[in-house]
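Same chain, two partners: chain A is paired with chain B first, then with chain C.
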Partner chain A sequence: MSVESREARQPWILLSPALTAIILLLFVPLGFIVVYSFWLRTATGADQAGFFLDNWQEALTDSFYRDILLNTLKIAGITTIVCALMGYPAAYFIARSRGNKAILLLLLMLPFWISYIIRTMSWINILGVSGALNSVLIGVGIIDEPIQMLYNETTVILGLVHFLLPFMILNVFVSLDGIDETLEDAANSLGATRWQAFTEVTLPLSLPGLAAGGLLCFVLGAGTYITPLVLGGPTDAMFANLVFEAIITQLNWPLGSALSLMLLAVLGALVLIYNRYLGMAQLMKGLG
Partner chain B sequence: MDNTKRYGRLLERYRNGDMERRKFLGLIGAAGLAYGVQTPFAKFAHAQDVKEVRFDGWGGVVSEAFREYAFDPFTEKTGVTVVDGTFGGGDEYLSRVKASQPGEYNIAHLSGVFDYARYHGLGLTSELNEDNIPNLQYVIPKLNDVFRKITDGKLSCVPYDYGTTGLAYNRKHISDEEMKEKGAKILIDDAYKGKIGGWADWRTRMWYAALQTGQDPNGATDVDAMWDAVRAHRDLALKYWTSGAELMSLLAEEEIYVTEGWSGRIYALQEQGHDIGYMDPPNGFGWQECLFVIKGSPMEACEELLNFMLAPETSIAVAEGQNYPPALDPTKVDLGDKIPTLPAFDPTGTLSGLTFADPEYWNGHEADWSKMFGRVQKGY
Partner chain C sequence: MSSVILTDIEKHFGDFTAVYKTSLEIPDGSFVTLLGPSGCGKTTTLRMVAGLLDPSKGEIRIKDRRVNDVPIHKRNLGLVFQNYALFPHKTIAENVAFGLKYRGVAKEDARKRVQDALELVQLPSVGDRYPKQLSGGQQQRIALARAIVIEPDVLLLDEPLSALDANLREDMRVELKRIQERIGVTTIFVTHDQSEALAMSDRIVVMSAGRVEQVGPPEEVYNTPASEFVANFLGASNIMDATVLGREGDDLMLDVDVFGRVAVPGRKAADVASEGPAKMVLRAEKLLLTNRDEPADGTVAVDGTVEAVDYQGQAVRYFVRAGDRQLQAINMIDEHPFDEGAPVSLRLRPRDCAALPAT
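Up next is the complex of A and B:
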């Protein structure tokens, strides 16, 4: 065997455990879901194997699914914008801080030590009728009766921001941390104000990080299921809740498979567009 | 055909001259090799050598009662460990069972005869050997009969308790008189907009919609009117709850003032000191729960556990813990002091005062109504 061919094989040998895991844990189950999406649910709840287009026809033509999908994308979009607006200043502060950067990053990671469900449910104790916020407002005499703050679209977005903000901050931080600070000094020495130096130099250079954080927040937000279930009202469902209902409540695995593939296709298309114009390298840095 | 018979046939063929000596010895050798190879793994298939049985139930105070009064004493007595899991609803659990391997799930605390019928429809029923469950004699006969009707006179479960999904209300804000006057219609009363709750379960929603529109829950004809009632409730509701724990939390925290609720959970809230009232409106939703053995389970171990759980002392202790009356016939067994005070308790043992869901009617609408409710729930 020549040196060239041995060198060509080496990466594949090193990658084989990861590739095996990805094939077995991602592509094979995905293949099952694709097959399932063409089956039918019978009246008893059992599945009828075969090649039927009914589920796809229903998923693609029924306005109910389209509306919920659009609402899901809207909620994910708002969440992403809020995360960007809140996350950028925080990331800038961490990136420009001297000495205590490690502590600040550790604090940023702290929420990940607590279960996502617990973090989501904590809002009930904060915003509930007998929660902390209402108690304080009543205690200081601002209100007489507790305000109903929970179980609406706003609290769903709030819960999502709480969950996704660290992802945004980390991505923006990685981007800002890689920018040479002397560039801002150079801009200042050339007559730019601090604000101009930020908007003309730092912000454009950090946009890839912002875009990577935005993509992560959007994809994770659009695929969420727990937050609308815990913090949403009767009509605040997102697309993942439809998948849950089809599979669990209606025992309609074939339709649930078609719906989950539909969501995957929409979010996959977004990732492909992102990759086409911005590349995945920044995202990898942020995740790393 | 067992192995002894196979070897006997092989020997007969050899003796008749139909097989060469070398081939005969080769086949015997191969059989011996195969036996040697499978022996280390055979222990996993020994039904009699069961060390563990899995039980799935509703969690919360119900699971705590099962653990304390039934599972731990059973393990102490038999050495068989009971691993208990929980679920938030029958649909969710059925989906898990459907995705599992035979034997992975063993016994489930199922609610309603309609669930039993669904499991039977999916081929998940087993056949209990009733000789191994002598305590079945104490059970109210009517509770057994409805299950037998579905599985051709056999049983795949034992009835265990019963209760109702009635109306729970906060007495600070709603009086007993108002509840009596409005009944099920209080759930669609504008006066309590934003303070109404409801279970995110299509059966319960449609049952109460039937009551709100003055129809028979087991034979409603004006389904459109029922959907309108479900929509009216949705628009007034603060939240659909999805578990008993969430129900209790919403009422206890006064997020909601009125909802339908499970009798045992509401009793538990009352025991905790919350001023929560409970009433079953006329034709309120009655249900009976059973301990269902899923096909592929270790039958003898499961039957032993069921018999242990049906023993009056266990059954009464569990009932007092979970606040649902046991399936034991009060005319045959002395149920003590607490059980007669529980909501839905029937001292006659006939259960004639409760309205149960007709499995044929409800399962016949299951596919359409569960899907439709998914839409109505989201504003459609």
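Up next is the complex of A and C:
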């Protein structure tokens, strides 16, 4: 075997364990889901194999699903914007701090050591009827009766921001950290105020990080079902809750498959648009 | 008239004193170099003039205006950094035009001035490109164009040549000096490279450990160092213990270690008392090695032995043993350099020597 062909094969040899895992654990199950989505659940509760478009017709035409999909995108959108507004200053602070950068990043990572579900449920102890906030308000005498603060859209967004903010901060941080600080000095020396130097130089150069963080927050936010399940009310279901409902509660795998593929298509389209204009490289940088 | 006047400025970072009681006057249109090893306070001083750092004490005046409380964007200074600091997301023309935008220069006028600046740095046709598409030397020229297009009161250069290759650095040195003379802008140049300082400056400010050691034209700083530090930092020097014997006319008579009696010109011994201990400074290139049988011809001569030879092409650097001292000599090569172990005669001319007070 020639040296050239050995060198050409080496990357594939190194990639093969990961590729095998991805194919077996992602693409094969995805194929099952696609097949399932064309099956039909009969009145007896058994699935009938075949090629039926009933599930797709229901998923695509029923306004119930469409409204929840739009609501899901809205909640994910608001969450992303809140994360951007809260995360950017934090990321800027970390990127510009001297010496204790590593500690600040460690603190940022700290929440990941605790299960996302536990973190979400912690809000019940804070905002619940007998939670910390109500106790304080009653203790101080501002209110007499506990207020029901949980189980609405606001708490869902709150929970999502809590979950997703570190992703935003990390992505923006990586982007800001790569910007040479003397650029701002140079802009200042040329007559720009600190704010002008920020908007003219630093902000545009950090946009790729902001976009990458935004994409991650949006996709992860739109795909979650735990946060609305724990912190949302009966009317605050997001699209992933419908999938959960169809598959786990109703055991209607064909419909659940069609719904999950719909969500995958919408979010996949977003990623493709992002990739077209900004490239995945920045996203990888943020994750690494 | 002086463009920049520093009066007793100091900068402390916690317990660390970066700059201590430094006063300096920089004449209009002159090229002044702050020279010193890293950590000597030269960059800190420059950053205080620029407004990137606030002095802990003292006053900074630029063009007869106290600027201590004037923020950097209102100081009208041109700043060039070691790493160029061009805006990567803007074209070359946008980079150069950046400062004009904040000065309210009309678009047409700005375009013309940008073009003039690009021509001045001999890169007239790169306006549409991005910084990444240019070489390091070209980027530094653009950084210079961006700094001078705003017609700054003072041009501040923070080690602008350090990131360039050796050959390019020497070209840029000449180029930078040409442009500075052409537009006549007062310039403060920070470097740790003595050859840059000697080649470009009207005046050199040698700094060490936060203090000014000496201020003067390159020739004066080089030939008449005011301290041992300056003597050692600019080129190689031999510094020898001496005792002052007294004055004879304009000369100061010294009894020098190894060499014996040397009559140092009075102007090169200004700070030395008429008696007591002193130091004599002799540049390595002023110590001449010859065969022992050559006539002394009015030089002071002692015998020595070559201990090490550092061949440098057109010149050679010797380490020579004379008595209990090792001395350095840098000589042009005449036919063959001396070999290690060769017996030689060391010759110095008294007028090449300078004297310093003993410390």
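Couple of notes before you dig in:
In the analysis below, the second predicted complex is superposed on the first by the 288 of 288 C-alpha atoms of A that agree within 3 Å, B and C clash if a C-alpha of one lies under 4 Å from a C-alpha of the other, contacts with A are read in each partner's own complex, and residues count from 1 in each chain.
We adopt the following convention: contacts are C-beta pairs under 8 Å (C-beta built on N, C-alpha and C of every residue); 3 or more make two chains touch, one makes a residue touch a chain.
Just so you know, these numbers come straight off a predicted model, no measurement behind them.
By the touch criterion defined above, A:11 reaches neither chain B nor chain C.
In the superposition on chain A, contact is made by A:187 with chain C only, not with chain B.
Here chain B and chain C are compared by how many residues of chain A each touches, and B touches more. Of the two partner chains, chain C is the only one touched by A:201; chain B is not. Residue contacts after overlaying the shared chain place A:50 against neither chain B nor chain C. Of the two partner chains, chain B is the only one touched by A:229; chain C is not.
Residue contacts after overlaying the shared chain place A:130 against chain B, while chain C stays out of touching range. Applying the stated contact rule after C-alpha superposition, one finds that A:64 touches chain B and leaves chain C untouched. Considering their complex, residues 180, 182-183, 185-194, 196, 200-201, 204-205 of chain A touch chain C.
Residue ranges on chain B touching chain A, taken from their complex, read 89, 91-92, 94-95, 98, 118, 121-123, 194, 202, 234, 237-240, 242, 249, 253-255, 366-367, 370-371, 374-375, 377-380. Interface residues of chain A, counted against chain B in their complex, comprise 41, 43-46, 64, 68, 124, 128-130, 148, 150-151, 229, 233-235, 237, 242, 245-253.
Contacts from chain C toward chain A in the complex involve residues 50-52, 71-79, 81, 83, 85-89, 98-99, 101-103, 146-147, 150.
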